[in-house]
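Labels A, B, C and D are assigned to the chains in the order they are written; within every chain, residues are numbered from 1.
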Amino acid sequence: MKSPESNVRARYGMVVDLDRCNGCGACVVACAVENNVPPANGRATERTGISWLNVQRLEGAGGRAAFLPMMCQQCDTRTPCASVCPQNAVELDRSSGIVGQVPVRCLGCRYCMVACPYHARYFNWWDPQWPGTIAETLNPAVSTRTRGVVEKCNFCIQRLQAARTRHAATGGDPAVAPDYTPACVEACPAGALVFGDLGDPQSEVSQLAQSPESFRLLERLGTGAKVHYRTRRPWVRQAVADAPAPTDGRTHV
Amino acid sequence: MFPWSPEFVWDAGHLAFFGAFYSVLAAIAAVLGLGLRRAVADARAGRAHRIAWHAAFEELPARDRACRHQLTGEAPGRVCDNAFDCRRCAAHPSFEALRATHASAVPATGPAGLHLPGDRLYHRGHAFVRPEPDGTVTVGLDDLARRLVGEAEVVERPRPGMCLEEDAPALRLRAQGREVRVLSPVRGVVIGTSGEGAAVTVRVDPEGPLDTRHLLDGDEVGAWAMREIERLQALLGPRELGPALADGGELLPDLGAVIPRERVDGVLGEMFLDL
Amino acid sequence: MTPLTRRDVLFGLGGGIAGTLLSPLPWTVLDDVAIWTQHRRALPIPRDGETSVRPVACTSCPAGCSLRVRSVAGRPVFVSGEASHPLGGGACPFGLTLHHLAHHPLRLTTPVRLDAHGTPTRVALGAAVAAAAGALRAASRSGRAVLVLDQRPGRAVSRAFRELLAAVPYGLYATPDGEGATLQVLSGAAGGPLGIDLEHTRTLLSFGAPVLEGWGRPGRMLALRDRLRIVQLDAWRSPTAGLADEWLAIRPGSEGPLALALANVLVGEGLARTPAAELRDLLASFPPERVEPLAGLPASAIETLARSLAAQGPTVAIGGGDPGGGPLPLDAERAIAWLDVVLGSVGRAGGLVARGSLPDDGTAPLAPETSLAEVPDGDVRLLVIAAGDSGRALPWSALGRKLAPQALVVSLSPFRCGLTARADLVVPSPAPLEGHEEILPTADACVMSYAVTAPLLPPCAESVEPTRFLAELARAAGLGVPSDGTHAERLQRRAAAIFASHRGRVLVRGDEGFREEAPADAGAFWQALLEGGCWVDDSRAARAVAAPALPSPAAVAGWLRAEPARSDLPLVSFAARGAAGGTPPSPILTKLYQETALRPSVATIALHPQTARERGLVDGREMRVVSAAGRLDARLRCDPTLPPGRAAMAAGPDPAALHEQDAAPARGALALGVVEPDLTWRGTRVAITEA
Amino acid sequence: MSERLDEGLTPRGLPRAPLRRFVLWLVPWTALLGVGLYAGYRCLAYGLNETNLDNRFAFGLWIYLDLTVIALGAGAFFTGLLLYVLRKRELKAVINSAVVLGFICYSGAVAILMIDVGQPLRAWFTFWHPNVHSMLTEVTFCLTCYLVVLAFEYLPIVLRNRKLSRLPSLLLFEHQLHKLMVVFALVGAFLSFFHQGSLGGLYGVLQGRPFAFREALAVWPSTFFLFILSAAAAGPSFVLATTWIASKLSSRALVRPEVYELLGRVSGRLLVLYVLLKSVDTLVWLNHTSPQLGIHPARFYAFDPFGTWVLFAEIVALGLLPALVLTSARWRRDPRFLVPAAFLACAGVALNRFIMTVQTLALPTLPFDPFLTYLPSWQETMSFLGVVAYGVVLYSLSFRYLNLFPQERELLASEEVTHVPLVA
């Protein structure tokens, strides 16, 4: 994926409002539909399924719940997966800051999955299958993946290409994509996902990202994730922002 | 992988990585190439039998590589390093020089009733060489060898005109159900063979003047035979029993037959230096 | 010329190989091989083409969310919610997979006969119609009922059904009880439909209604979420309970007494208008202390809640039940309705307000609307299950008990699942996106609205519009009705009637969201509707409400009776709207039910860890779950958020069935549900033992 | 049947068990190998869903096996290095065995790796599109090259077989190859240093896994050096242990006691150094590296069964203890201490690889992550055992038909006790 020749350097990122997310799962499904992720094999579990976007439930006191959409956090400064891939199947697109996966080149060694602290990478444990004639509804902008390769969220980079093309068609700079929106952001009915260029200080996303209510997961690992989370609820913040200090009692398994 | 492949970048990382990788490949290829070339050269130069003998000699345990001067007590503990080729040994001439007399009249009987005539020279692989008046030599199995092989059958005898190499197999026998290769003590052209079984002899026209410095003769033969009986004994039983043999008694005529079947092959190989 | 030596040949070969290696050729080939390995297993390669975006409406449940479908080369590939829709934007996962349904493995494309195992055999439409007409004539002869179950009443096709049933000696038109049950109780008293003025409501007290996860028009709730205080009274930590401002865990089945106890406090503390004497007498039996053990809530919590309802008004109390748990008993709904009356919420801004109706577009007599529960058992000779999904679960036994011997069940659903799996004949109507659809307001809406979507896909050649089936059935049975006209023509007639009424506003889709427009004539109005526009009625004046019926004395006595200690556990059954209805979920929903832990699957039964411990049951093990209606195996999931002393299980969907080509036997809570005569199954109790 | 059908193939003069007994010995192992091959076939044919690996436990038994056998297989390179480069002539007694062990370990590891990757047909992509900054690239290149080197080190041993060495061309090639073995030893040592290190680096670079992450010295994390050192320390112990097992199984002295002692001494001294550096590394990691990444180190040991006992077992019980025994000349002389110490040293390196592979993945990274468990499927277990069986079969065949222990012949005479009267 060669970036267009331009000096425009965007750093696409997202701010997830944890107070708005109601865990409906629309983003999860939209992501799978847009990116031709197959339905699960009958034997798949939550640990062997493929869901580029995975909504985690956080438990608060008194039965309160919060939901945390987890996708590839699009690490920026130190990308754990890109540096470990033995065959350059993970690519950092310099024009957009998007960490992409090249499934045709992936060997399936899964080292990147071990390296990723966010568990945002998924392995095709089964041959993909679409029951009925659902394969008719596959998105031609994304190629299907074979068994035995790793895949993950890439902020629907095909939509970036399409948005650039649309912008160019209206006489704009082909490197700029003003109406670029990933599928999950488009699908979220609660408006919990805000997407845009973090490099543009005027953008809503970068202003939200800088607000004191915003934080990143595992910030101290220094991955420079481009997905930010925000919440005004202290218990939510406490549940996700920091690694908890050692527990009082030992966890028994 | 190559400078022209898409991912290649001319940076220190790539240069160091691929520099090392191609160096390793080159080293492996060079070793293989060199080994192959040298092997071809060896084959062309006919060094195969020498190398084979050396390889076999290398495998012999130290006690089986005893120097002939150790056998006679001249150099206790001395181990041969020259694959029993005394002509190449730097020390051999000096030992020879030290010997006062070179006994020529040797009794025909060795220890334990072995028949080891003095007109013969003995190879460490139990082949004898008898110089014939016409300048040729007769090569055959010595008495210990004959007793070991017993009722043997000659599987392969050299054809007249063939060139025998020193320490290379001259004969193949089948004895006690096992195959034994008898190493040739001399280098020369085969004139003919005679005799059957263990009594087979080969008439050889030695190449060039007959040089027998590497063969045992004289006093050494008895000591060596004694040592060989001890070795045989050691191969079969506790070492302590060895010396008891020297006290008397006569070796069984069909020695091979008493060796336990499962040990025959090993014993024959050891005794004939055919490993 | 010198002859070639072997050396020359070798040199030539070596040079050739080295030269080839230095050229890009072998490396390009290698790269291509890399690509080939990707496709060695014949992966589908979608065709590319022209992209277009069209507005449609979701038909998976009554919410009728407005959607946008992106198609490539005429094939829909992506669905998203119409964010700026005036009736509420956004869509749920079921709507986002609407375009999969026409391709669903359980889709039927021709009329079929189903055997006892649900295996389909193709039949001709004529034969199917003849069989249905025969059953209809037999019903007329024997005085048995012809029943149409319409899960989406109010559509033009509903009218066609009712016209037909009116012409039959004993025709019943039934709709299942749904999420608007409380409103229905009050509407019955008010003499016209009511809606909730949520835009001005401050507190929404929900008795187990999933108000934050697919209730009413979800987009409306999402838009109002920040302004609304939501108090959830629920037997389990439902998604709504987890997200609500307050969740009070109540004992299953205690909704009725709890509503009365809240009213008791309000009346007792003078926080509400003084009710009629008969209600006062009833309330006197339900002081908070009395209800405390029934509801499992401290009396003080009931009092605090009641005070806050009064203080933070306007407050609306609603019941309706969970889509997977079935309706609340009518008496509980009456109690909740009375709470609304006591709170003074009826007929005031921010409370329950009147909603208009669509103008009439026909003159033929209509069969009256009845509740399915009112249909006598064993009386139905011909049952027609209309296409259209309420998005709520309905166990087959609720219908099965109504059937007479030799009854014929005809389903018009395009999917061989849910109730349709038990039908004798299926005459499939067009799948979603293949036909014209009407969108009517949801139960909560306080204004009437109307929208129509045009087909996006060409209908399958042998699918049958229900209107056409009805026409052929009437012809074969020798009935004069329903009046002729295709489905589209009926809708157009309806639109014309709306246009002619000169009521409301027309909102059309523009580049910058929706804007009001005045269509020149009925044709322009119809066109505006087809292009994603909608008609919104004017607001109505508040309607004064007469007193609704009181809970029956039998129910009240039942509530007050102390329950004996039992070893089996009440079962809390639940499902997201659309998950356990008649429309099969897209297989891609394994993402929610199987591949992530987001939603519990029917394959698990939840217990509080302490409840499990008391029974010696180990988390993660396979359990045998037995109710009076059935038994099944499920894995135990210890869930500390589930209050002790009850079991919780999803009613659907079954992720294992999402892969199947064949309709699997029902798993999950629906297979266990013990259906009462009032067609509720909330009283189901289960015994759990290790399998 | 006392005569052996395969007598012409076994080294002459070296007593070998009757063929029948040997076959009986091989039967269960071959059966196990067969099951392992079937399990491997299933994984290749039906995909990795045959395993119990998942997206979170992406590495499991197989990677653990690879790391361990490669560490133990380091005996091959290290013995070669000592013999050919540092001229420890005594080690000639075990070099053949060490080479065979190395070959078994590395070929087994590569075979398992081929099953472990999702698309084995794309194995060459790593060579074609290498990311030179990835530790796995280094591992792949070095492993492949070293397997080739080991094959060429193994070749001469095979060519010395009694039957094969009768063919002059093979004999000559073997002879010349053997003379150049020092080059292979050097290349092998170079490659081994790098891939043993890179295997350690594999985990050390994972900044996303604070349990495994270590700070870098030069461009490599400290695990790079620790893995080299631990492999070099365990390798000789493994050679010692296997020689001892072979000797027990064949009830024959294969090498002189001095060789055992030398192996033990080398292993012990390296182990002392390793334990020292590992302790320093652990202290730096617990007190500096991991707090800096925002993780309290106690969290690493907060989940059962991975308590702090793991640290103790790895560093003290299976590190320091064998190190002390092996460095003590007195204890080393006593096989009752020497051999168990060698086994402990091997177990220590195996535990270290287990911790790096399994505990790293089991521990949560995100605050709301659960602690994960994983139990290999029968397909994984059987292909693992298949590799073990492959090793036993290949080693048994090598032991029987090749001359793995040159001192065996020498030690033979003192062993035999049959008394045969030779005298009439």
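Convention: a contact is a pair of C-beta atoms (placed from the backbone, for glycine too) under 8 Å apart; a residue touches a chain by one contact, two chains touch by 3 or more.
Values in this document were obtained by computation on a predicted structure and should not be read as measured data.
In terms of C-beta pairs in contact, A-C outnumbers the other of A-C and B-D. Central chain by Cα centroid: A, whose mean Cα position is closest to the mean of all protein Cα atoms. Averaged C-alpha coordinates give centres for subunit A and subunit C that are 30 Å from one another.
Averaged C-alpha coordinates give centres for subunit B and subunit C that are 96 Å from one another.
Subunit A and subunit D have centres, each the mean of its CA atoms, that are 40 Å apart.
In subunit D, 119, 122, 125, 128-131, 133, 137 are the positions where the chain touches two or more neighbouring chains simultaneously. For subunit B, residues touching at least two other chains, in rising order: 5, 7.
Across the assembly, subunit C contributes residues 27, 34, 37, 40 that each touch 2 or more other chains. Residues 2-4, 7-8, 11-15, 18, 127-133, 137-138, 141, 145, 148-149, 152, 160, 162, 165, 168-169, 171-173, 175-177, 179-180, 183-184, 186-187, 190-191, 194, 403, 406, 409-410, 412-414, 416-424 of subunit D are the ones touching subunit B in the complex. By the touch criterion stated above, subunit B contacts subunit D in their complex at residues 1, 5-7, 13-14, 17-18, 20-21, 24-25, 27-28, 30-32, 34-36, 38-39, 42-43, 47-49, 51-52, 55, 59-63, 112, 177-179, 229, 232-239, 241, 245, 249-253, 255, 258-263, 265-267, 269-270, 274-275. Remark: subunit D residues 47-49, 53-59, 116-119, 122-123, 125-126, 128-131, 133-137, 140, 202, 205-210, 292-296, 298-299, 302-305, 307, 360-361, 365-369, 371, 373 touch subunit A in the complex.
Note for the complex: subunit C touches subunit A at residues 34-35, 37-41, 43-49, 72-73, 75-81, 83, 89-93, 96-97, 99-100, 103-107, 212-214, 218-219, 222, 225, 237, 239, 241-243, 247, 249, 586-592, 594-599, 641, 655-656, 658-661. Across the complex, subunit A meets subunit D through its residues 41, 43-45, 47-49, 56, 58, 68, 78, 80, 83-89, 105-111, 113-119, 121-127, 146-150, 217-223, 239-247, 250-253.
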